[in-house]
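Per-chain residue numbering starts at 1, and chain names A, B and C are given in the order in which the chains are listed.
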Amino acid sequence: MPLVRIDLHSGKEAGFAAKVGAVVYEAMTTTINVPAADNFQVITEHAPGGIIYDPSYLGIERGEGIIFIQITLNSGRTVEMKKALYALIATRLHTELGVRKEDVLISLVEVVKENWSFGDGIAQYA
Amino acid sequence: MPLVRIDLHSGKEAGFAAKVGAVVYEAMTTTINVPAADNFQVITEHAPGGIIYDPSYLGIERGEGIIFIQITLNSGRTVEMKKALYALIATRLHTELGVRKEDVLISLVEVVKENWSFGDGIAQYA
Amino acid sequence: MPLVRIDLHSGKEAGFAAKVGAVVYEAMTTTINVPAADNFQVITEHAPGGIIYDPSYLGIERGEGIIFIQITLNSGRTVEMKKALYALIATRLHTELGVRKEDVLISLVEVVKENWSFGDGIAQYA
């Protein structure tokens, strides 16, 4: 059920953004019980000016490789699960795609389970 | 008060996306008491790669005609009202615009009424 | 911690959208205790058809200069703080950038503090 919005700068190699999306999805299945095949994302690549970020907020040095990941999902995950999600996304983006861990910003928006329809006009989780 | 974000693939005929938006708005007025004229939407058409979707999650066969509809709105609608909204959006998109009902994904994000300003810097609902 | 999404029509002078973002950020620091340097935004300029708005909902006359500002932030701000935020954004966009106050639509989405990672895969607020 997550709906993921990924925003990053354009100019990366072909397929990069899709790989970012795949890492985010797989990390959700590993850490916060997102089901198999439950993968829905909007990925937007921005020209300069489309992403505003502070280069040092909280002492973290960010650069043009910044990636915003905003996930709308059902409430109910514990703080520990969320922490595991953040850690795994950042670690895998770094080790597999060379993203700097400092450049990974994640935002969760939680909703109730009747707030989704995955097709056919039906509230599949209600 | 809803703010609707619609994401779909580019390449449809001129006016198609606007018609999708109109159906979504009208379905909200019919099923969840959205007022007349309360129509605010962001519609984004994406090149290939901009929308990631699973082609069979929950047994629903999705294709490139997939449409994501994410609605930020005030809380307070019942589960039955939400179900009616999903059903009417999918049915009308199908019958009026030829959208496959399987390709209609809807996500609601609920907020409190003081979280809106509709112009003039005033919290009109607070 | 706010993540701000700003949507407006394209065609303004170079730098206009960035100035809008700066006003929104500064207004948040003044009215709702957003920390220094906590500035993260996605700014999207749309061709005609990308933004749907009603030209007179609630008696407010809107035009093509419409700007949607959606802010995801931690819950806890009072209604009075939110009202002050709306007023300051609209006033400063008008006086500094010539935006019509009628054209400023603001939407807040509140989340809990463990729903953020600002880099390094860590939940900095949890």
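Assorted remarks:
As a convention for this text, a residue touches a chain if its C-beta (ideal position, glycine included) is under 8 Å from a C-beta of that chain, and two chains touch if they have at least 3 such contacts.
Just so it is clear, the model here is predicted, and its values are computed rather than measured.
Between subunit A and subunit C, the superposing rotation on Cα atoms measures out at 120°, rounded to the nearest 5.
Under half of the residue numbers at the interface between copies subunit B and subunit C are found on both sides, making the touching surfaces mostly different. Mean C-alpha position of subunit B lies 21 Å from that of subunit C. Residue positions 44, 109 of subunit C are each in touch with at least two other chains.
For subunit B in complex with subunit A, the residues that touch the partner chain are 7, 44, 46, 49-54, 56-58, 60, 62, 68, 70, 79, 82-83, 86-91, 101-110.
Residues 3-4, 17-18, 21, 25, 35, 37-44, 72, 109, 111-112, 114-124, 126 of subunit B touch subunit C in their complex.
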